[in-house]
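By letter and in written order, the chains are A, B, C and D; residue numbering begins at 1 in each of them.
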Amino acid sequence: MLPSGIIFKSYAAEEAFLVTRPQKLVFALFIVALFLFPMVGSTYLVGTVSVMMITMIAVLGLQITVGMAGQINLGQSAFVGVGAYVTAAMAVNYELPFWLAIPIGGLTAGLTSILFGLPAARIKGFYLALTTVAAQVMFPLAISRLPQSWFGGSNGMSMPSMELFGYEIWGQTGLYLVNLCFLIVFTTLAFNLQRSRVGRAFIAIRENDVVAPVMGINLVKYKILAFFIGAVFAGISGGLYAYYVTYVTAEQFTLWLSVIYLGMLLIGGMTSPLGAIFGVIIITFLQETTHEIGGYLSGRISFVDESVLFPATNILLGAVIIAVLIFEPHGMVRRWRIAKAAYRIWPNPHG
Amino acid sequence: MLLELKNVEVVYSGVVQVLRSVNIDVPKGSVVAILGANGAGKSTTLKAISSLLEIEHGEVSDGEILYQGKDIANTDPADIVRQGIVQVLEGRKVLEHLTVEQNLRLGAHFRKDRDVVAEDVERVFNYFPALRALLKRTAGYLSGGEMQMLLVGRALLAKPKILLLDEPTMGLAPLIVEEIVSCLKQIHAQEDMSMIIVEQNANAALSVADYAYVLENGRIVMHGPKEELQKNQDIQEFYLGLSIGQDRKSFREIKHYKRRKRWLG
Amino acid sequence: MRNTVLSAKSLRLTFGAITAVEDISLQVKTGQICALIGPNGAGKSSFLNCLSGFYSPSSGTVEFEGEDITGLTPFRRAEMGMARTFQGNQTYQSMTVRENILSGFHSQMRSGLLGGLLYWGGVQQENAHFINLAEEIIEFLELEPLRNTLVGELGYGLRKRIDLGRALGLNPKILIMDEPMAGMNTEEKGDLARFILDIRDARNIPIILVEHDMEVVMDISDEVTVIDWGKVISSGPPDKVRSDPKVISAYLGGGVV
Amino acid sequence: MTQITGVLGTDPRTIAGRSIPQLLLERASSFPDDTFLQKKHFGLWKPFTWSQTLNMISRYTYGLTALGVEPGDCVALISENIVEGFVAEYAILCRGALCAAMYPDMSVSEMEHILRDSAARVVFAEDQEQVDKALTLIDKVETLEWIVYFDDRGMWGYDHPQVLSVEEMERRGEGFHTKFPEQFEQVVGSVGLRDVAIISYTSGTTGLPKGARLSHEFLLDSGYRLMDAFNVKHGHEYLSYISQAWAAEQICGIALGVLAPMVVSFAEKPETVPNDLRELAPEFLLFTPRQWEMMASGLQANMFDAHPLVRRLYEWALATGKKHRDARGLSSKLRMAMADLLVLAGVRDNLGLKRANAPLSAGSGLSEEIFTYFHAIGIPLRNLYGATESGLVAAHWKGTFNARTMGQLLPVDPTIGTLLVADVSDTGELLLSGGARFSGYHNNPDASAESFNEAGQFRTGDAIRITEDGDMIFLDRVKDLRTLANGHVYPPQFLENNLRSSPFIKDAVIIGDENYDRVSVLINIDAEICGRFAERNGLGFGTFAELSQLPEVIEQIAKTIAEVNQMLDAPSRVASFCCLPKELDPDDAELTRSRKLRRNVIFDRYATAIEALYGDDDECDLEVVIKYQDGRESVVRSVVTIKRMENADD
């Protein structure tokens, strides 16, 4: 709902994300603030936000496959890995610039996913989940078996630094800005997709895959498309990650990470790209806080060390995800919508 | 009074109020029908009685549901079944992979008097002879009418004092509707049992019931003995069908505007 | 002379040893409302599923506008202009009313994945064009006050109307309706009957109506086909079928209620 | 004071001798591409520019010509407020014909009277429902030749030779257009300012409706008065909502629409009005007191469901609004700003009234409580006093808002010239002169003659008091001031208005005349509010009848009556009352279509209850016949509690 006094004379105007002037103003200020953030944030903080933004792109992709189209995917981190490795290979072996290497990484991840998405045409739910886990299991095996000249085998690959127009993009700040630009672009794409014909087809399949084909939707095509586009996002995220960590190894892309991605999406809310953003922020915040507390404790209590902290953090994360699932199965996005609606109709209790 | 709803309010998810101050009396041995448009709150009323609201995030937020003088609102649904309130849900949800016999026996699973159960099963077959031949058939392959009979039979095996029926004739062929209705009449005549029937097919419901309530937007807008309601012009036009009343009108002649309702008590 | 839009010829459908449809033929002509009635379990649903393409018949053919479509998938049939509504609640609950109806236009829209992602001018225009068409249906079905409401928040009767709206979005050449009147009171049935007649009269779309409500069926249909045990036992105009003793004993009964 | 004189307006947008069609033509040539009409359609607001609208009007006009409508003929209109309805009326005026508009929920017999009395040759009927009504009359009313419908839904099966769609009418007009391309402008040019534009049927509270003949000048002058007093600007938005059958809509929509000119907007459907109002947030709007009351009680009812803390905040903000709205001093202003920011701005936004700079309540009877309520939330509601025959006379426009008064005499168009003069006669009746003059009743020379006195002043029939500040206070209709058997005179209307301002009471019918020595009242409870009240207090009820007789509800009503009684001297106080077991309804002829009470009918139908009010029993058995729209009837029986007020005899 909008404030009163706003009328639409075209459907395009009605579809716009930002309608009122205050909305536009706040949003513009927010974007500017994001760009200026590195000037005030500590290197550590800027780095953390950078990783957060990279993760967001992967989770946005997951939102499309799982949230929009309802196709369960437990192998997102493998597709992130494919993106990272292919980007690395492009940058190292062919010395391509990052703005070419990363999209190639993304596309390759997308194409790889079709292999694992194909079964989705026939199976769903639990069985599909298992197929995607297979992607996750096969990924490190494939990397280590492929010729060393391609992906560095089990040694991993070292990344060159990013360059734009001959200038090196330097330090946390530079990477932060590149990541931010990618995030803005891909968030826009995800939001666009949701209101488009393809997005509607995805949602239709999620809601009722018996009715959707009778309404003219080619199930096989759209299920594969959902996997493809979700994995492209993952691959892009992987490419950015490769540049950020400067060194890629297969161990970075675990099943556990895929589960965390899914957890982020669950907490944030599956039904909107906004959920991906919320989820990443919340989980990252939790992780960072527990690390802080853990670091503080490990200096003081003798038996607290890495071997305790890591599982403890994960147990906490799991507990939070379960708690959210119980109290708000639709994620933070629903809370956000309720709050927004309540604000609009305030002080009325209902519309 | 066997069952009394006093000012019952039902709220879903803490925000959506579905029932507003509903009062319904079910005397012992009577059959009460609840009529109303879709979304008026008929099924919700039944679920409030049988405590099945929780599954849909609903609750009785106010008022009392008195069963034999005791408030049973928001109690454990299994306990309610044990006390003799048994609901036949809408949508004919049989256990598809079990046989008809297994389905039937499930109705009696909490009963202690195992030896009598066999007798009761026999009685169910007397009401629904068709079921006897289907005993070993997998329930999922039954036709709609057969499933409905199975479900009513299963409910009977729980030895209900009140049987709640949610849309028992929905989607059934006219012949089957007739059969189910006459079975219900027979059951009511022979068993010591009250019933609440929620129905869109008001003709069917009123032919079994002796008292009826009309729900609209979660409120009772009208109630009375069936003879009285059958005479009401709104009931005739909005529930009993166009052909009843005076000169027959056809669905072909329906206008593009509506006559206003005049709900009056 | 009216053209035949859809014809099913001697359809037979078996699952292993069970014969769901033994031999059903049906012809639907332009501007006709054809009712299909029969006891529960007579094979109506299986027959409909053969028409929609969920099942492929063991023998027999389905022809649509003179073309053999027996082997086509459901979505191809939808693209050709076969639309249907479903039993019970089968709308997309998390979409708004307008989005549900808009989703019916899927096969007429052209924009693909890239267009959806970029949402550039042409895609926006296409969307706007089809929203306009969807709004025509919204007006037709008198859903204006609800266009932006999530379907999940609506009652059963309205959802059935949205289901119908979505099918109309396919711009159908034939409409199959599976028990649209089930669970409705007389008033709602009246509304729906009016919509069905309007669809036929104003849009000239023939309709196959599977329904148990005899009052409605006998009132609004032009042709009634009665099936039992997978076979057609009677067919013809309502008055003829109504008095057919075979139909009375297998289906109609005494008509007390 | 017994006499005051108004002023001349200063706004330069004067009538200057032009009739409504002439103004229309002029506006269309000055601002061809500006929006004139606007409707919500297919989810969007679709604008109609001046040139588009004029084009449509001209086609309709030629269509009317083709149907044989001559200048001076009458054309009737029965429709909700839609673009086509407005265009049709402008086309009627452009043809030099007279328009008689009817309420869309009028029954066939009411319609018959108007069609017969106005001798309408064509009736514009919105849709199938109205066509069906008109069709039953086409052979009965000899003058009626054509039925023209706007909405073709469901009309495809009709083949009556005298029924045609508006498109068909336009098609028939095309020939005339090519043959006489100048005719449209010529006729428009010949329509004089003093010519009668419309016949407005006043929903008579007694007898059959009378047709008031209102001229272009009359409508435009009243429009000018509003424009000048409330600073209505060119391009201000107006939501057309009250029926064209009401003279007020003729003034605000039809006349002021072209004079200001405004953007006249139409809701998508009658049931989406609140929502569309919210979307539009118009600058100018006119509601009846009842609509304002409903808006306020709807909000009140909503707040019943709010969280207790939110409710307290809301009540605090309301109290602050009442106390500090116009107060000076920093702390007052701060508190007001807080209340506005936290609550009141939201309330205005929800109602769609945040931009309304001239929200008007037309007609008498808006209670002080509702009036101050709207002022408290920052909506500058103004009373507007006028009548079909006297035009718009007074309103709050000089910056003072006294809820009890109807405001000050309005400024007259300087090109009309004569100032408004208000005189109070010896009997307390308001006599008016000046401004554009009422043209008398249609087919009723006696009534027309009676409406003016020898001095040529218009007799309003209203008992009015003029304060020292020049504000007008409406007491009652002169004929409605009533005398009890013991000779005591009391103002029944005052009682009714104040009772009705309670959210629990929808209507109050005061009884007590020369046959009785006490005052009593029949109460029609507000089902929504009383229902919520009962729910909050855990009271059981099923039907309206049961709700109305709940002891707690009756107690609540008694409390309200006691409060109102406090404001009057003892003999004028309500001594006993009962709550009606069914809602008053226009279908049972208990209310007029504009929801005014039809006392005779009510007295008749509830005679048993009235008798009991003056008897000794604590309850009575009541039988009421109710009528369905298709003419069928049935009888409803119920037991009604008679409640006597304790303080009546002190």
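Throughout what follows, a residue touches a chain if its C-beta (ideal position, glycine included) is under 8 Å from a C-beta of that chain, and two chains touch if they have at least 3 such contacts.
Keep in mind that what you see is a predicted model, and the values were worked out from it rather than measured.
Novice: Counting C-beta pairs in contact, does B-D beat C-D or the other way around?
Specialist: Top pair by contacting C-beta pairs is B-D.
Novice: Whole-Å distance, chain C centre to chain D centre, using C-alpha means?
Specialist: 47
Novice: Using Cα averages as centroids, what's the distance between chain B and chain C in whole Å?
Specialist: Here the centre of chain C sits 29 Å away from the centre of chain B.
Novice: Starting from the mean Cα coordinates of chain A and chain C, work out the distance between those two points in Å.
Specialist: Comparing mean C-alpha positions, chain C is 41 Å from chain A.
Novice: Counting only residues that touch at least 2 other chains, which ones in chain C make the list?
Specialist: 131-132, 194
Novice: Could you list the positions in chain A whose residues touch two or more of the other chains?
Specialist: Answer for chain A, listing residues that touch two or more other chains: 10-11, 350.
Novice: Touching at least two other chains at once: which residues of chain B meet that condition?
Specialist: Only 255-256 qualify.
Novice: Based on which chains touch which, is the overall arrangement a line, ring, star, complete graph, or other?
Specialist: Topology of the interface graph: other, matching no listed pattern.
Novice: For each chain, which other chains does it touch, given as pairs?
Specialist: Result of the pairwise touch check is A-C, A-D, B-C, B-D, C-D.
Novice: Flag every residue of chain A that touches chain D in the complex, lowest number first.
Specialist: 3-11, 14, 345-350
Novice: Residue numbers of chain C touching chain D in their complex, please.
Specialist: Contact set of chain C toward chain D: 98, 131-132, 135-136, 138-139, 144-145, 147, 194, 198, 201-202.
Novice: Can you list the residues on chain D that touch chain C in the complex?
Specialist: Going by the criterion above, the answer is residues 42-43, 153-154, 156-157, 268-269, 271-272, 275.
Novice: Within their complex, state which residues of chain B touch chain C.
Specialist: Of all residues in chain B, those touching chain C are 35-39, 91, 142-146, 167, 170-179, 181, 200-204, 207, 237-243, 250-252, 254-256, 258.
Novice: How about chain C: which of its residues touch chain B in the complex?
Specialist: Those residues of chain C that touch chain B are 37-41, 87-88, 154-158, 179, 182-191, 193-194, 197, 212, 214-216, 219-220, 250-257.
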